[in-house]
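Have a look at these structures, which come just after this line.
Common to both upcoming complexes is chain A, partnered first by chain B, then by chain C.
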Partner chain A sequence: MMSIKIICSVIIVVCSTIIGFRAANRYVLRIRQIRALQLAFAQLESEIISYSTFLPEAVKKISGVVQEDIGVLFNEFADRLIDKSGDSVSEAWQESLRVCKKYLHINSEEIEILTAFGGVLGASDKESQRSYFEILQNQLKNQEKQAEAACSKYQNMYKSLGLLGGLTIVILLF
Partner chain B sequence: MEGEKDDTAWKKVILEALPENLQIIINKIPLSFAKSLEEIRIREERPLMIFSSGRSYCIKQDGTPSLSPKGAYIVTRQDTKRMLQRISNYSIYAVEEELRNGYITLKGGYRVGVAGKAVLDDGKIKTLKYISSFNIRISREVVGSASKIMHYITSGTEVYHTLILSPPQMGKTTLIRDIARQLSDGFPGFTGVKVGIVDERSEIAGCFQGVPQNRVGFQTDVMDACPKAIGIMMMIRAMSPAVIITDEVGKAEDADAIEEALNAGIKIITTAHSGDIEDASRRPVLSKLLEKRIFQRILVLGNSLGVGTVEKIYDGYTMKNILMDPVR
Partner chain C sequence: MSVDIIFKIAAIGILVSVLNHVLNRAGREEISMMVTLAGIVVVLLMVIDMISNLFNNIKSIFQLY
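And now, the complex of A and B:
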């Protein structure tokens, strides 16, 4: 009896700790993805401004060198553009965001910023494109700061909550 | 005339440039019209039109051509917006230069002329915005169109300085394209030589991203979208062509560049918009070139046996016609 209780307790504590850690980890993933987006867009800007690479090729190129989840997003976007399925840049980008949602840990504010950018990407001359990229990077920088603040605030909280929650359940049960 | 480029090859490239609803309509155009299709004209809030066999037709929703605009499909703003996205490959920033020249080149060398509102910067054109008119030009390469006249413009291993006079749309570009190819690849009795093409309006070689989409010969270098005078000088300096081919000479600086090439021992083959020699002698720049007896051969194109007929070939020194009967 005693040993079963111990095994159950361990399982419960381990599970709730894992849940807590995963909740905490989302904050870390959000920061990582924001940074990956910053890097990806910096590279995209370079392709566009310095090399005048056509958008579909530029996006495809970047999808191969950027962090995994963001890479999947850019790859989806590139494929839609290459396919010429009739969508505008904006539509192709929005669809890609929608389809890749499950891989993204960025929040709705970030999605809004990205969606707005899709409306201007590739649609004007180099000078204008450069300005839009600059605005985008500033917005992402702000979001990065926000995400870092949230992370330091809640990361430890959720980790502890997970562990303590599990212990509480064990105590209440047994 | 020998081979013609596969007539449906253009369909694939051109259709991709159109928004889907227009693709469907154009696809339904009867074969008899599609075969001699020269232009597709898309104008916002006006009927969809084509230019085929020398006439303009309005196109209805079901693809039938008609001489009257009644019942024709009216192009929407969405159509033109999507079209611009497609032909620029979603990258306006990458086609700025071409827009400034008023056209975008598609893969395959087909040119889409654009018209809209000009944006000026310091008196010069910066770009076009509100693009509302498109003219898709379907040029057809005719391999072998120059076969019957090659021995008139060459002699043994020598190429003659040649001027081709032609009224508009009489096939002069098609002809010099094939001349370039045959001089470069060689033909029975003539070993190929190095050819340089200065393709100011991207019509001869139809370059797409720097690669000629038309057959212009394997020993041919192309200076694409480059003003003639500068292009000729650049070629003289480093490409060592035996022959330079360029289209529509008309400006004073073009004539100067041609003389430079002559001084460097390079042969020149060029064209001019003109009905015949008398007409050409009245043009300021052309008349000077004719007076100096620069050209050894002067070809005159016409329509007597159909588009692309070579009506006369003059010896540039004697100004006598050495062609027995018009050929095509």
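And now, the complex of A and C:
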């Protein structure tokens, strides 16, 4: 009877530790995805400004290059553009953001920035496109800084919280 | 009457104090306050029937019926 108790306690502690690590990992993933987004939009900018590629082709090309989860988002966007389903660029972008939300670990503030950018993407001449890209990059850089601050603050907290929470449950049940 | 409950309460006390420290360091003072209160409530729930036993015993010893 005692051994079953001990085994179950160990399982509870391990599970809650894993939950804590996953919660802490969310912050790391958020930073990684913001960086990937910066890279992806820098590439998109050079495709549009320097090579004058069509938007669907440029987006499709980028979806293969960048980090997986962001690639899924761009792939969805490209498919919607190529389909010519009747959506405008901003509608397609919003729709693909909505669909891919579950792969993205970025928060609502970043989603808002991206949605706003979708509204001006491909809707004006080269010069203003360039300034829009610049604004977007600055905003993403700010978000990256915020995400880093949050990460250093909460990462350790969630890790120890998971382990200690598990220990508390075990002691209460023992 | 076992001595287990004393160790249990001590362990909860240590855990709550460590949790408090961690949460304070992360700037979550309100949550650390909640954790402290939860710890107190849990320990109280554990000892409350022992306390009532104690009072009953005192009452019966001094015949305060």
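Convention: the second predicted complex is superposed on the first by the 174 of 174 C-alpha atoms of A that agree within 3 Å, B and C clash if a C-alpha of one lies under 4 Å from a C-alpha of the other, contacts with A are read in each partner's own complex, and residues count from 1 in each chain.
One rule holds for everything that comes next: a contact is a pair of C-beta atoms (placed from the backbone, for glycine too) under 8 Å apart; a residue touches a chain by one contact, two chains touch by 3 or more.
Treat the numbers as computed from the prediction; the structure is a model and nothing was measured.
A.B. asks: Go through the superposed model and pick first if A:Pro56 touches only chain B, second if only chain C, both, or neither.
C.D. replies: In the superposition, A:Pro56 contacts chain B only.
A.B. asks: Report for A:Lys126: first if it touches chain B alone, second if chain C alone, otherwise both or neither.
C.D. replies: first
A.B. asks: Under the contact rule defined above, give the chain A residues that sit at the interface with chain B and also at the interface with chain C.
C.D. replies: On chain A, no residue contacts both chain B in one structure and chain C in the other.
A.B. asks: Where on chain C is chain A touching in the complex?
C.D. replies: 8, 11-12, 15-16, 18-19, 22-23, 25-28, 42
A.B. asks: What part of chain A is in contact with chain C in the complex they form?
C.D. replies: Counting only chain A, the residues touching chain C are 153-154, 156-157, 160-161, 164-165, 167-168, 171-172, 174.
A.B. asks: Under the stated contact criterion, what part of chain B meets chain A in this complex?
C.D. replies: Counting only chain B, the residues touching chain A are 16, 19-20, 81-82, 85-86, 89-94, 96, 126-127.
A.B. asks: Going by the contact rule at the top, pick out the chain A residues touching chain B in the complex.
C.D. replies: Listed in rising order, the residues of chain A that touch chain B are 48-49, 52-56, 81, 84, 86, 88-89, 122-126, 129.
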